[in-house]
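Here chain A shows up in two complexes: once beside chain B, once beside chain C.
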Partner chain A sequence: MSGLGVVYWKELADYLGSRKFIILFLIVALTAGTIIYVINQSVSSDVSQFSGDFLFLKLFTFSAGTIPSFIFFVSFFGPLIGIIFGFDAINSERSGGTMSMVLSQPIYRDALINGKFLAGITTIAVMLISIIVIISGLEMAVFGIIPTMQELARIGIFFLVSIVYIGFWMGLGILFSILFRQTATSALISIMVWIFFSFFILMVANVIADQVAPLGNNATLELMGRNENIRNMILRVSPLILFQECTTAILNPSIRFFGISTALKSMEVIPGPLSIGQSVLVVWPQFVILIALILVCFAVSYVVFMRQEIRST
Partner chain B sequence: MKPTQTVLETRDLTKIYNGTPVVDKLNLTIEEGEIFGFLGPNGAGKTTAILMILGLTEPSSGEVSVFGYNSTREPLRVKRITSYLPENVGFYEDLTAWENLFYITRLNNIPEKEAKVGIEEILSLVGLSKVKNLEVGKFSKGMKQRLGLGTVFVKKPKFAILDEPTTGIDPQGVEEILNLIIKANREENITIFLCSHLLYQVQKICSKIGIFSKGKMVALGSLDEISKKILTEKSNRLEISFDNTQDTARLVESIKKLDGVLRVEKRAEDISLEKIYTKYFQEGS
Partner chain C sequence: MYQKIKGFLFFNTILFIIIALLSFSSLAQSEQNEKSERDFLIYSQFSNLVLEEGQSVDLDIKLINQGKQPEEILVDLIAAPEAEDWEVLLRNESWKGFEVRQINLLPDEPDNSRTLNLHIEAPKEIGEEQKGYTFTIKAETKDGKLIRSLDITVAAISKIGEEKEEETDEIILNTKYPAVETPSGKAMKYEIEVKNQTDEDQVMDFAAELPQGWRASISPRYREDETISAIKINKSGTETILLVVTPPFTTEKDEYELKFIARAGELEKSLPLKAIVTGTYTMNVGTETGNLKLNTISGEEKDFLFYLWNEGSASIDNIAFFSTAPQGWEVKFNPDKMAELPSIAQTQQPEKITMTVKVPQNTVPGDYIVTVNATGTQDQKKIEFRTTVQVPTKWGWVGVLIIIAILAILLAIFLKLRRR
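And then the complex of A and B:
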């Protein structure tokens, strides 16, 4: 790949020295601080919440009152971070006049997109690893809980899924930065998509599900199941929901199904934690869809970018 | 003398936007060592032609090759030996002049040691040695233009395409840059493709001129060839300057007596701003 490495190192150096990175660092520090504080507070008020298997993992999925869990933090702020790194990747080069300078050098065009993407992902990965290590470390120090190998492996998978998830949002940001000439436009549109998939999709899913399978006062169990299925199908268009399902199942070994069927089917099975392979199988479809979404973003980005004119004006 | 090589060759090169041909069957050949001046009004399709030469835009039909490499199919090979200075050149504003040049050499796979030596040379050549560690964001337009010229020569090209290299530069700087281009052409044997609206510059340095209008090359050749075609005037004019202490009337009379003189006209010297400017700054500096 001609030029990929060069673009990657240059962009990485840019990102690590940029204002974006400082903002990101503050977000990370705040999140880690909040989570540790919350856990500390609730444990001292009620120790009984923390018992049973996989204690270490519980600290990642734990939410108390108004403060959401770590998974929720990542599912909510991850997109924002991805968008921050992606939204001006290409159109800022275009408006700065650097694009024609760079692309008149002997490099492939996609090296520019790939290099920027990989550099952004590396930066985000460094952030995410540091926040996970901070939380884990403080937990070990404060509560004296030592993670088992399986827990570590699950945290590793969680990290991987998070990177894929944030990577999708960054890819989307890059796509919009190719499609729109103005950085303001691409930023706004990225944020619109994010808000749609975070909030509006819930309403949309409810409305459509109720239209297709209306629930009356005396709805049958079958109808309720159908309504729920339709709702879930629509919700799973949203990367946010996919990510939440994925990571919840990975960090909570007792989850076997999602949706209303959980309650029904779980009556028939012996309760107990799943092995790590089984947990991965549960969320495999969700994970594959996330990967597919990234690939779609990239495919469209490549096609559009290859055909674009590189004018300096 | 080595046999000269064809640097650029286009065959019926055409680009059509929305049904309108912007570049219409362009046939152009540039030989090694030439300085080619590409003239034309705004919107004539000059930039589109350049983009096709570099393989940054696909032609609608026709072919273009640089040193025998097809620009559309082998753009990387073409771009390895060709430098391009875009009309509105931009740099990474957070990086210093040195870092910007270094990035270019990295993209061209020039070994680090060689690159570092080359960058210092280029910086002194374009007169930016003193500000090499200054962020480009703080540069003036003229300094950026000089740095742009630096990016052209730092990759040691065989062929350089310069789109308006002297915009935003003060007259003395223009002179320096033109000399730089001539020097690169003579000493490094870099073939130059120069786009400019400033006819005076083109006339001064170009060995071959092409006039491009509405997508078509309307005139092509050396300045003499073109002027022979266009100018049908039979008489030649000769301008004579002399200092004003002389008896002008007597001089005029004696010139009139010479054979073949049609008309003698006495005029005070035209005051051109350029002359004043050059004089002032050359004496002042």
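And then the complex of A and C:
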């Protein structure tokens, strides 16, 4: 793997030093600060909504009015960060003519793409962990809540899932940057995919669900459950929804199901928090799909890139 | 001749009428004579009686003033010298009367007569049998001019063979409810009336003959928290006591004979009682550790063991199990029926019941309540198991396998395409 280290460190330095990183980081940090501020405000006005077990985790899933929860924030804007890091990874070098120069050095082709990918993941990880630590630190300072070991473990899992999720979008950006020669094209297509999975999927799911199982004025509970099931099935095509379900279950120990039909089934269950292992198992399919997505994305990029003809122009 | 006869007949008729008139007038005269004189009568319906040993009789003795003047009559009772140990009294007629020595009678009704009561009580033992004892009531006017007397002859016979029973009859035990039913371990109460028929006050000791292991206590009626073993009863008095008998818990269902004994010196009297023990039925269900928490995995079948036993004294019959579980769950029992469950005191070990719980697939993980009911004819018991359903890890492994497969493909691609 000669050359991997060289590419990795060079790319990492590029990413972390780039303006887009600093701007993105500032945006994310500001948003995190806003979330903390809003939570602080709403808690001081009404403490009752903010009590019980796993207080520390609640701060991550808490949404107050117009300000979305941290999970929602990551699920929506994480993809943008990933795309921004990935969309011009290959084709900018190619159009800049640096690609053939790099490859004329004793650096293998696989080292180039692996290094870029790993450096991107590392950058995302650094960014995420700093945001999580900032939020946790602010929480501890403002509310005086100390996380328990289980809460820390859950936050750790949340961190991993987030890396996989944002990494997937970065991988998608890299794939498009390999497939399309123009950076503008890859950027546009990446954004399109993101918009589709973030917004259009909701409409599509609703339309299809209502077509297959139309809800009249006097729809039975069963029919509503079926409608909900179909909607959920379609929604789960979107990595965004998968990530939301995954992290919600991990950060909220009392969640054990999604949708009405399972809610009906669980009416006999005694409410109470699940163990961390059970929480992970509840959303294990979502978790596996996310990991599979990033791996497949990377594999396709790899294959395409390795087979491509690289000419010095 | 004819005339002569006719005349004779006529004469005869006249004579007859005269005689009749005379006799009537003389009768009327004699009555008038008697009334005018001083006279009184003493009279009894019976004057010859037979009494058993110890038996007593009350006779009505009537005194009537037949004269024209009020009379003051002294009465005296003279008993035959052989009848020393007889109790004889002349009293006025009201209940528990007083002894009478003199009676005053007026000439006119209704105060011209008075009834007295002659009480004769035979002694408890008659030494020699006598044909008759004579008791004479002598009535005499105060001035001694008129004396009347009435003899009452009493023959006494002895009672042979019944002598003993009479002796025990000096204490009489009586109860209204001689048979009491109770479940084992529960007290049963007998109210017993104790009568002292002797002539003396008696201190009576009480005892009870019981089957082994039974407990008994005696308390005064209305004061059940006190326990006594003896009581003093005045002569001819009656006391009601309470006998509380408790059979032990292990008593089998049956009828038992008890005996209540009252002793006063030499005297002893026993009262047979009956106790019907119905037996108790207490079903109990538990697990080995006492932990009522089950762990299972959704979509899987799992066996749990619990114990069933009967803490009562009698067998519980027709035991069946049924369960209340969330929808779609299958709960089976092995055995699912039992003909009878004897007392644990007999079996010395509880029955093992295997409960098989099958949780449907895609059950939401969490805690559920599974209620198990064991119902017998006589008792039932319900326990709740908190059942924690976990997500099966096999799908987790499937996920891991998928990831490993993708990684393997990636590795294969790496190996094939690298170093170009």
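Methods note: the second predicted complex is superposed on the first by the 311 of 313 C-alpha atoms of A that agree within 3 Å, B and C clash if a C-alpha of one lies under 4 Å from a C-alpha of the other, contacts with A are read in each partner's own complex, and residues count from 1 in each chain.
By definition in this document, contacts are C-beta pairs under 8 Å (C-beta built on N, C-alpha and C of every residue); 3 or more make two chains touch, one makes a residue touch a chain.
Computed from a predicted structure; not experimentally measured.
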Joint occupancy of chain A by chain B and chain C, clash or fit: fit
Touched partner set for A:Y302, first chain B, second chain C, both or neither: second
Touched partner set for A:G97, first chain B, second chain C, both or neither: first
Contacts of A:Q278 with chain B and chain C, given as first, second, both or neither: second
Partner chain in contact with A:G156 - chain B first, chain C second, else both or neither: neither
Touching partner for A:P214 - first (chain B), second (chain C), both, neither: neither
Touching partner for A:G137 - first (chain B), second (chain C), both, neither: neither
First (chain B), second (chain C), both or neither touched by A:Y108: both
First (chain B), second (chain C), both or neither touched by A:G33: neither
Gap in Å between nearest CA atoms once chain C and chain B share a frame through chain A: 5
On chain A, the residue positions that both chain B and chain C contact, one per complex: 108
Chain B to chain A touching residues, read off their complex: 47, 51, 54, 56-57, 76-77, 79-80, 82-84, 86-94, 103-104, 106-109, 148, 151, 155
Complex interface listing, chain A residues touching chain B: 2-3, 6-7, 10, 14, 17, 96-108, 309-313
Chain C contact footprint on chain A (complex, rising order): 108-110, 256-257, 262, 265-266, 268-272, 274, 278, 281-282, 284-285, 287-288, 291-292, 295-296, 298-299, 302-303, 306-307
Contact set on chain C toward chain A in their complex: 326-327, 362-369, 386, 390-391, 393, 395-396, 399-400, 402-403, 406-407, 409-410, 413-414, 417-420
